[in-house]
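These are the structures in question, set out in turn.
Look at the two complexes coming up: chain A is in both, with chain B in one and chain C in the other.
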Partner chain A sequence: MTMLSTGGQARVVPWGALGPWLALLATCIFFATQSDRFLTGENLSLVLQQVMVVGVLAIGQTLIILTAGIDLSCGMVMSLAGIVMTKFAVDYGFDPYVAIACGLGMATLFGLINGLLITKVKLPSFIVTLGTLNIAFAITQIYSESQTVRDLPAEMTALGNTFSIGSTEVGYGTIVMIVLYVLAWYMLRDSSPGRHVYAVGNNPEAARLTGISVDRVLLGVYALAGLFYGIAALLSVARTGVGDPQAGQTENLDAITAVVLGGTSLFGGRGILLGSLVGAVIVGVFRNGLTLMGVASVYQTLITGVLVILAVAADQMSRKGAR
Partner chain B sequence: MTANINLSAAPLVMQARNIVKRYGQVTALDGVDFELRAGEILAVIGDNGAGKSSLIKVLSGAVTPDSGEMLLDGKPVHFRSPIDARRAGIETVYQDLAVAPAMSIAENLFLGRETLRPGILGKVFRLIDKPSMLKEAVRHMNELKIGIRSMTQAVETLSGGQRQGVAVARSAAFAQHVVIMDEPTAALGVKEGNMVLELIRRVRDKGLPVILISHNMPHVFEVADRIHIQRLGKRAAVVNPKKISMSDTVAIMTGAKPVDEIPGDCLA
Partner chain C sequence: MKFKPSALVAALVFTATSSMAAQTVVGLITKTETNPFFVKMKEGAQAEAKKLGIKLLTASGKQDGDTAAQITALENMAAAGAKTILITASGDAIIPTVKKVQAKGVQVIALDSPFEGADALFATDNYKAGELIGQYAKAAMGGKPAKIAMLDLFPGHPVGAQRHNGFMVGYGLKANDAKSNELSTAPEIVCAADSFGDQAKGQTAMENCLQKNPDINVVYTINEPAAAGAFNALQKAKKTGVTIVSVDGGCQGIKDTAKGVIAATSQQYPLKMASMGVQAGAEYAKSGKKATGYVDTGVTLIANKAIKGVDSKDTKVGADLCWGKK
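And then the complex of A and B:
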């Protein structure tokens, strides 16, 4: 009997999955016409190395945006974690691995505090993370006295090294980023906690009524996002070879831009994590291409700002179209 | 469609005795009794403020009563949350279509109770068993004759009635004892409302007693085997919709007609 099958058979066109790739393709074609150096293997491997920090930040950011939240503090938490791990190693002579663990722990703790304020005190994520953005920034400046931490142990910068495939240099950090993406993407898609992240973002009331502990999912998401920011801090430290208290300032917005460009809806519950990787590469290609064209860094920031608004507008309009 | 069993002889599945619930100065439930028999659709009706939704919240575990006793299959039960009630085999379908629209039908059916893969993949890594969930989803949807072809379709691509169908199928799939439906047709048009009524009958015919809360008298009279009339925090009467008129039912509900003026054979 097919009495309930009237209407509603239309499939939603998967623009969310295809759009980021088209945008990346268009961006690459544009810059290839603008600069001869853009399409060289050397330059593309440089882009990938530049992308790894924003890319890993964007994993954490995606988890949060999937729950219909936002994390404005990601870059600053990363910055703090970078200062903590480098100072612990250099100033206190901690074993490099212990120092790294302390940095990761600090970032996770910040994520957990964000999560607790959002679930237990019931504050909006926007306000909470606006607060922790400033708190993390201030602690970073106070603790580091705004001084760069130098002379890092080799273990701490190992992920900044590269190996060559043919003539192309590939960074170990890039490999770490890709592995993290594949793992997180698979768990979001095929594990029950992963599906609960989507359910909580899609309809928290429905999730609660089916017995999912919404608070536990949110706490887990914010803490795990913090851990990803900590890993991003390690990659950033490894790439630059120093603990930089000014790190994370452009990456903060770039990570959010990457997630939105990657097709994850700011309204929560919709999006594919691998899209954020494509989004991060788009942001990286933009910054790299504009640099090759000789565009000053402040204009790059301006263009990134325009990009994020365009991407959110596209998301908004496609939602309206789907209704 | 009448259930071909003598309802007055059917065993009591769910029973509540002398339930009291106060909110500050307001007494929402003033010693209400409630009885649900095996194999029946029991409608619960009542004017606004009669304690209808408080009663349902107590039965579904959303609210803990101040006093009174609840029995499930003759055994006393105490629900502190809807999750307790669900563990006891009582599933609730909510009027506002508690589904995750962007997720597939199969995922919605199993939301919060995903089938995990065998071995450490399921136990440690919490990986879900998609093929088995798809197969089970098809079975549950077919059992209720909900003609939707693809279980991987997102729920938002479905019509309102089909979405309610998913919510009903979810409850029927997991309920061991009772399905509670809170205004399941309220958000629907005439045609889709009728489809859902048909579904409610199929759930009963599958052997699960149904508690139906509805404002829609024609719907109540169409599917209910018995009607519990709630008034002023108490059970005013339980009537037989095959015998009593709709206007007498409404009269009891609003207090326009005392119950002792109703002929005895109209009561159930």
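And then the complex of A and C:
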């Protein structure tokens, strides 16, 4: 049982918190019986490397969904940030770290613009990010001429390298993802801005009456989410070794899928960040496990769809139960 | 004076048709605007149109699979007086609209991607493209037993099936013929996974295949981005001596072939598809004769190293004819 601190009120969320872990456990047991290669450290480390990009995107997405918003632009903002950092380094000869900072800055700027349109112009997040989704996609294609950026400096791909723990190769990027999860989880749980995020998602009017600046919380959340997309871009660049204008197209919705599978409520105010990591891992485990079994990837898509509906249905039922 | 809308419409139609009669109009609809393959195609169409004094209209979808935008473009171009429309179909959803514009006397030619009901098809023989790299991989293995990974496109795409099955036949394995839309399999194929023709997904697919069978020594890839992803996965797993073959012939792919990342690739020619299409448009305007059937726009095996018994060209030849940033 996990106690969730939601802006002052504590609530017990048993199923929402445990569901994703149980689903992951069941999936792993199933694949372990199907392939003797599945439960090796090497294979599991690989799955984590494969989900790190979606995993980090899902941190930003979780923050936004906790405020009862949604961000449809995350994958495209990531794609743009990846192109910006690689092009700045390769085409303009920027110092790699400066180029990375420019990419992170670009993603944060996009997040900030989303936040400003939502708070100042009072547009719904769905519409705003639908707009920025298209804008970021178009800028990425125009700026990159739809060509991958190659021959990256080593500093840029360092996070794609691995180190050994025993016989298992662990990716640096995986570590970055886990550290980011722990930091963001701690912030959400134990800091006052973190608790304000839950409060705004639960009931913005009530949050305002208790003296929380709802606009400032939302602006911060969207900008911070942008920064996480920028970091996801760096991980994607490091993993593939190129700046790829086609990146992010499926990750866009995969990130939302991970958050939903992780038990965060689309109605805002409820959810545990670590669940999103579990959600991302579940999708990765299916992809890996089905390939090991020799099953076509379209079944992974099918199963993901079923799981999403189950997760949302479970959330709905627990909401009704709570009333 | 009474306002007569019908007269106004008639006047408009008259001016429109009379100005059209002066110049032949040909439309080109691609899958996307920015993909280098289609940029090259547009280049070919523009050059040929300029040469023949033809007015060229162009349009594209937002991404591969965006048939709605292509349907709109078909309607708009037919309305704008195009008598020939060249299209790289993003999917079969365009077929009913193609029939509609054909009924108005428009010639519709499929470039690169086949679909039912096109007047003609100017495209790469994708089955042959697969066969060429299959033969090369077989020769490169020199009789060693093969453990093959197939990094396919996605389920149900005819081009994906033709390259896949063609590769198998080229390798000397039994597979479906060029008409089949199903991916064949054989004991030598130890893993098959979808790459979506994308580098990151190709890498993930290859990583998972190596988990399934670490002894993979031949990798077929649907295109060069997938091949680059496969190479990345092999490098991270510290595997060497694996033969990767691919299809496309884009400049980045040719560079990868020169570096030995890809052992050999089947190069196709989008520029030729488009210029032949514009010529067919000019012919139709002049004589009223439509293009028919399938025209092979050619495919060349570009190899890092020539192997005895397999006809191939070196990467310099490939670089001259490639598309994208050289």
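In this section, the second predicted complex is superposed on the first by the 299 of 323 C-alpha atoms of A that agree within 3 Å, B and C clash if a C-alpha of one lies under 4 Å from a C-alpha of the other, contacts with A are read in each partner's own complex, and residues count from 1 in each chain.
Here is the rule we use: a contact is a pair of C-beta atoms (placed from the backbone, for glycine too) under 8 Å apart; a residue touches a chain by one contact, two chains touch by 3 or more.
No experiment lies behind these values; they were computed from the predicted model shown.
Participant: Once chain A of both complexes is superposed, is A:168 in touch with chain B (first), chain C (second), both, or neither?
Facilitator: neither
Participant: Quick one: is A:318 in contact with chain B, with chain C, with both, or with neither? Answer first, second, both or neither.
Facilitator: Neither partner.
Participant: Which of the two partners, first being chain B and second being chain C, lies in contact with A:119: first, second, both, or neither?
Facilitator: neither
Participant: Quick one: classify A:236 as touching chain B (first), chain C (second), both or neither.
Facilitator: second
Participant: For A:296, decide between first (touching chain B), second (touching chain C), both and neither.
Facilitator: After superposing on A, A:296 lies in contact with chain C but is clear of chain B.
Participant: Considering only the touch criterion stated at the top, classify A:269 as touching first (chain B), second (chain C), both, or neither.
Facilitator: The answer is first: A:269 touches chain B but not chain C.
Participant: For A:246, decide between first (touching chain B), second (touching chain C), both and neither.
Facilitator: second
Participant: Mind pulling up the chain B residues that touch chain A in the complex?
Facilitator: It comes out as residues 82-83, 86, 92, 94, 96, 98-103, 107, 111-114, 116, 125-128, 130, 145-149, 153-154, 156-159, 161-162, 165, 191, 195, 198-199.
Participant: Of all residues in chain A, which touch chain B in the complex?
Facilitator: 1-12, 187, 190-193, 195-196, 198-199, 202-203, 205-207, 209-212, 269-270, 322
Participant: Per the contact definition, I'd like the list of chain C residues that touch chain A in the complex.
Facilitator: Answer in residue numbers: 32-36, 39, 63, 154-155, 191-194, 196, 198-201, 203-205, 207-209, 211-212, 225, 228-229, 232, 236, 252, 324-325.
Participant: Spell out the residues on chain A that touch chain C in their complex, using ranges where they run on.
Facilitator: Chain A reaches chain C through residues 35, 37, 42-43, 46, 49-50, 53, 141-142, 145-148, 150, 160, 162, 236, 239-242, 244, 246-247, 249-250, 287-288, 291-292, 294, 296-298.
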